[in-house]
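A short worksheet on the structure shown next.
Per-chain residue numbering starts at 1, and chain names A, B, C and D are given in the order in which the chains are listed.
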């Protein structure tokens, strides 16, 4: 059964083709033409001169990004449900050498300027407390909500006022962009973001992410941290190939559009199913729904096995769609939901 | 004005005398008789065979203690207002190499078994999350409450069930002991505690704390971490001298009894003052009181300058008494409170 | 021009095929059948029950392996020219949280038991010095020499006597095995090795290495460190696929045999070229040769561009062969060497 | 028996008096007048505006100083016999989060510009190697030699050319100063030094060292690292008191002069003793001498127990004098040496 996570999705044929093509190149580390063109490719995407540091997981991308601007004795303001706090086994603490995460709350895993101000304001300006050095948001969030450009900009302005670096975890950045109809530039550096974890693995590649850096000095330091963490792959061309295939010709946005579209279809059916309530608006490819036991049982009987979310044992479930969900599978889920509606309605 | 913190208290004359006596000894590091007798002195105090590792601050004692049983990829369960979380600028994260603190709540900065179970239960048993390896409590707590031996024992049993090491921050351990009428053994290893930060500086010494370890293997590893952190003082005899003077002949308990007694006197007067409410029961030498503006102004006019507590700018104040608060000073505060009572009452 | 490094070699068609096949699987992290069978595949290779932890670079494999048995306050004995000392930008120090490397010397980057004893003996058994906890060797070494099973066993015995963990960096393990005609078991755990960095990327895969662990408890801890470092790829099946394709049907040994054979052919020609001296016996796929200026110039004129080795600007050059060096290329090099012989001889 | 180490020396009466006086002050942390005047006192000593960060051991002072200018992915050039390499159990690696020490050689533990250039030159300018960020020297060295101001200046110029920070471990700085007749300013910032570990414990205080910083931004960051390492003592006044008593009225130089003078007397006698050879010129208060077995036996018979130096079990011995060595003791040693001369001569 699919919908467990976009982590499991297939690699797009264009990416497979690019990997095969890269196999004929014969240069170690980043000496090849593909690797050498990566900054340029991403500079085009972001409409400014960026450094694109390839890396093979989102966890490492986030942790490196945080280590770029937060010293060991500092702290990072983030949402209490942020991936960096919940799902990375302390990678941010490892890469920053022990910086603290200061946790805020907010609907749908979104941080607001006022929450950030409140957290920063709770820290005394003395050496007894780890002073905030960065703020980190996830766009789209861990609950599938997006920050609009003006919302990002407001946090960017807050960060500027408080002297904080500003990081965006973009594990599902493409999905946010197509939902918002915004450009990468608008959603990042034009809104004050300093550094981006640019996810691709959930949306069509095999295992390649990137850290996008808008400052050359930071990028220079990161290259050492990147090597020191063991991410300087000897055949970097295979990572560059994936990333370039992903962003050229808009493959990434096309894939995200497909995934978001499937999520909308399913979300509409879920919302119309008795006993089912959407926990959050569905903006990208993640759906969180409360499903009452009867409705859940009916789905199970139709062979639909959903993923329960959270450790509390409640009735919350998460479905994540992907660019490559087979139409037949989506239709089967829709049919099961229609059946659940009928059977429950019949009581 | 005193009552800001017991951190500022004078060094007890017995300790001064011990320091002077130690000056005639001529051995580097821990080669002298005083240093060599330290384990024995503390083994007597704790009624079992302990290793006593001297160290010059409570922050370092706590951080070392946490590093003894929590690996870098693990986490420590503690109260959200614990000193290790709030006031140590990330020292636990430094010494543990990036372990996480998992924060719980509870009245008066006390953790309960159910809170610990809830936090541990919220962590999935997979590699995506930093697994709990320790629980840490402060006794007396940061708000001046004590855990009774049976309460410590219940947490010890919880720790045992969950496979957690159990640390006690005893910055004001003596104050807790005399309030409870309990023995060091009852309050620590007999109740499941594995390692203790044994505070003395707030209660009569100059700058000597100790980490008390009940396991020889842990102690052996800590000796290396202790040196590596820069705490192997070349004239250790001066630390041993302080610690021994502190515990022999019950000086530590006598001092704590004096500080607690002064706190009781002041607390009673505070409670009787209109516009003043005690925020927590006063069990040791810390008093937290809400003082309404009129009452506070009246105290200020009498020359009493109290320390506002917390970053929220509210009406909470903290007073901490010490074994050496001059009687004249206490009487002056009592008089001011009596005056505040009258003047407010007269309205 | 090839022969710069086996780091640049193409991915073997069998591995490409395995990657393509893995694309049809749909499970996140290590939930798929390939990932689940990895331990079994490597247990067959090593003739004992092992844990195989996939990881995408040799630097990370080495650093993780060292972190498994050396505490932050400890040290690792290794050769002064070891990859972990020279070419990993401090990754061992990062992953171990600051352990020290204690450097020894030895012909061809080989350590001997007596050198290890001498280094360990130079460390006082007190807390002022970081005590040795591990020894690490590279087989084949950074200069292309191999340790025979009895040589590994002698170091294993030394490690046992000194209480040290024993790590092998096997970046070119296959090349060593086929040279020696030994089995993986003989060369590792039967000779006292505790943990192995199992290289594959230089010999036919795209970007997959493994840490082979012979102890289940160590493996369990490593899984957390591995995730925390950001190496838990969400599509692990693509790493498992590479590793399994590499070891099944002896592909790895076949590839190594090819690379070693090419190196032998070239080495013989080099040795026969006036002005050229082999710096070390050529046992695997690395050749180190002193090439006098005239001979070097002659090669350059024939279009052969060799890699100078070391920072001292001397006449030492390194050639590394690979399983996929085209026969035409090897012949061209041979011809150039023959030409160099003639032209030099003609003077 | 004395002469083992100046680490064991008594605390000077002036310092004891200052400690006693500080006991009447009642302010926590650094709120008191003594603490507040520390920067000013040391600015006078160094003839420029410095920040003086008190700390209780030299190991911590050195490690903090290195962490101020060397990032985790960097390296520090130092002598292979430097205290930071040999005797601090990895404290520099702990505080820098894993930076590497690059070791050079040189007579008497002295580094030269050419050695520093050679080490820096051996590091390729790529991300595979931890780039040098600092150089560290000890003055007087671990073998009791001094760098003259012009020698320090030449290293400072080298550091400037190579873009390195420059640290001085001044565990016995006073002894070097009085030997050279130079000023603190000449020997530090005027010669290019960025940061100083200012030792006092070996020369008259109880347990107080200082890190002297010539740059305000570095000092600001260090205050956080200092707290985070657990060195923000709650009764800082007792550290300030020691430091101020030490430097005012030239007590530190007077003590050093006494210790150096005693060393000269003993060194002359040693040099005149058959079977004894001085291993290094005696410039400060450390004497290294090769003592043949017969001479050594004769000294032992006279009750003189000397400290063998090094792990090799050779005939090298170290004697360290102190400002407070009793005249009677020195005379006894002199007599024994005279006796050794006679008895050996009689053979």
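What we mean here is this: a residue touches a chain if its C-beta (ideal position, glycine included) is under 8 Å from a C-beta of that chain, and two chains touch if they have at least 3 such contacts.
Small disclaimer: the values here were computed from a predicted structure and weren't measured.
Taking each chain's centre as the mean of its C-alpha atoms, the one that lies farthest from the centre of chain C is B.
The pair with more inter-chain C-beta contacts, choosing from A-B and A-D, is A-B.
Separation between the centroids of chain A and chain C, computed from CA atoms only, is 35 Å. Chain geometry summary: the mean Cα position of chain A and that of chain B are 42 Å apart. Separating the CA-averaged centres of chain A and chain D is a span of 52 Å. For chain B, residues touching at least two other chains, in rising order: 72-73, 88-90, 94, 97, 127-128, 130, 224, 227-228, 232. Put simply, chain A touches chain C in their complex at residues 2, 4-5, 7-11, 16, 19-20, 23-24, 26-29, 55-61, 63, 88-91, 94-95, 201-202, 206-207, 224, 227-235, 238-239.
Listing the residues of chain C that touch chain B in their complex gives 71-73, 97, 127-128, 130-131, 221, 223-228, 232. Chain D meets chain C in the complex at residues 72-73, 75, 86-90, 93-94, 96-101, 121-124, 127-130, 311-312.
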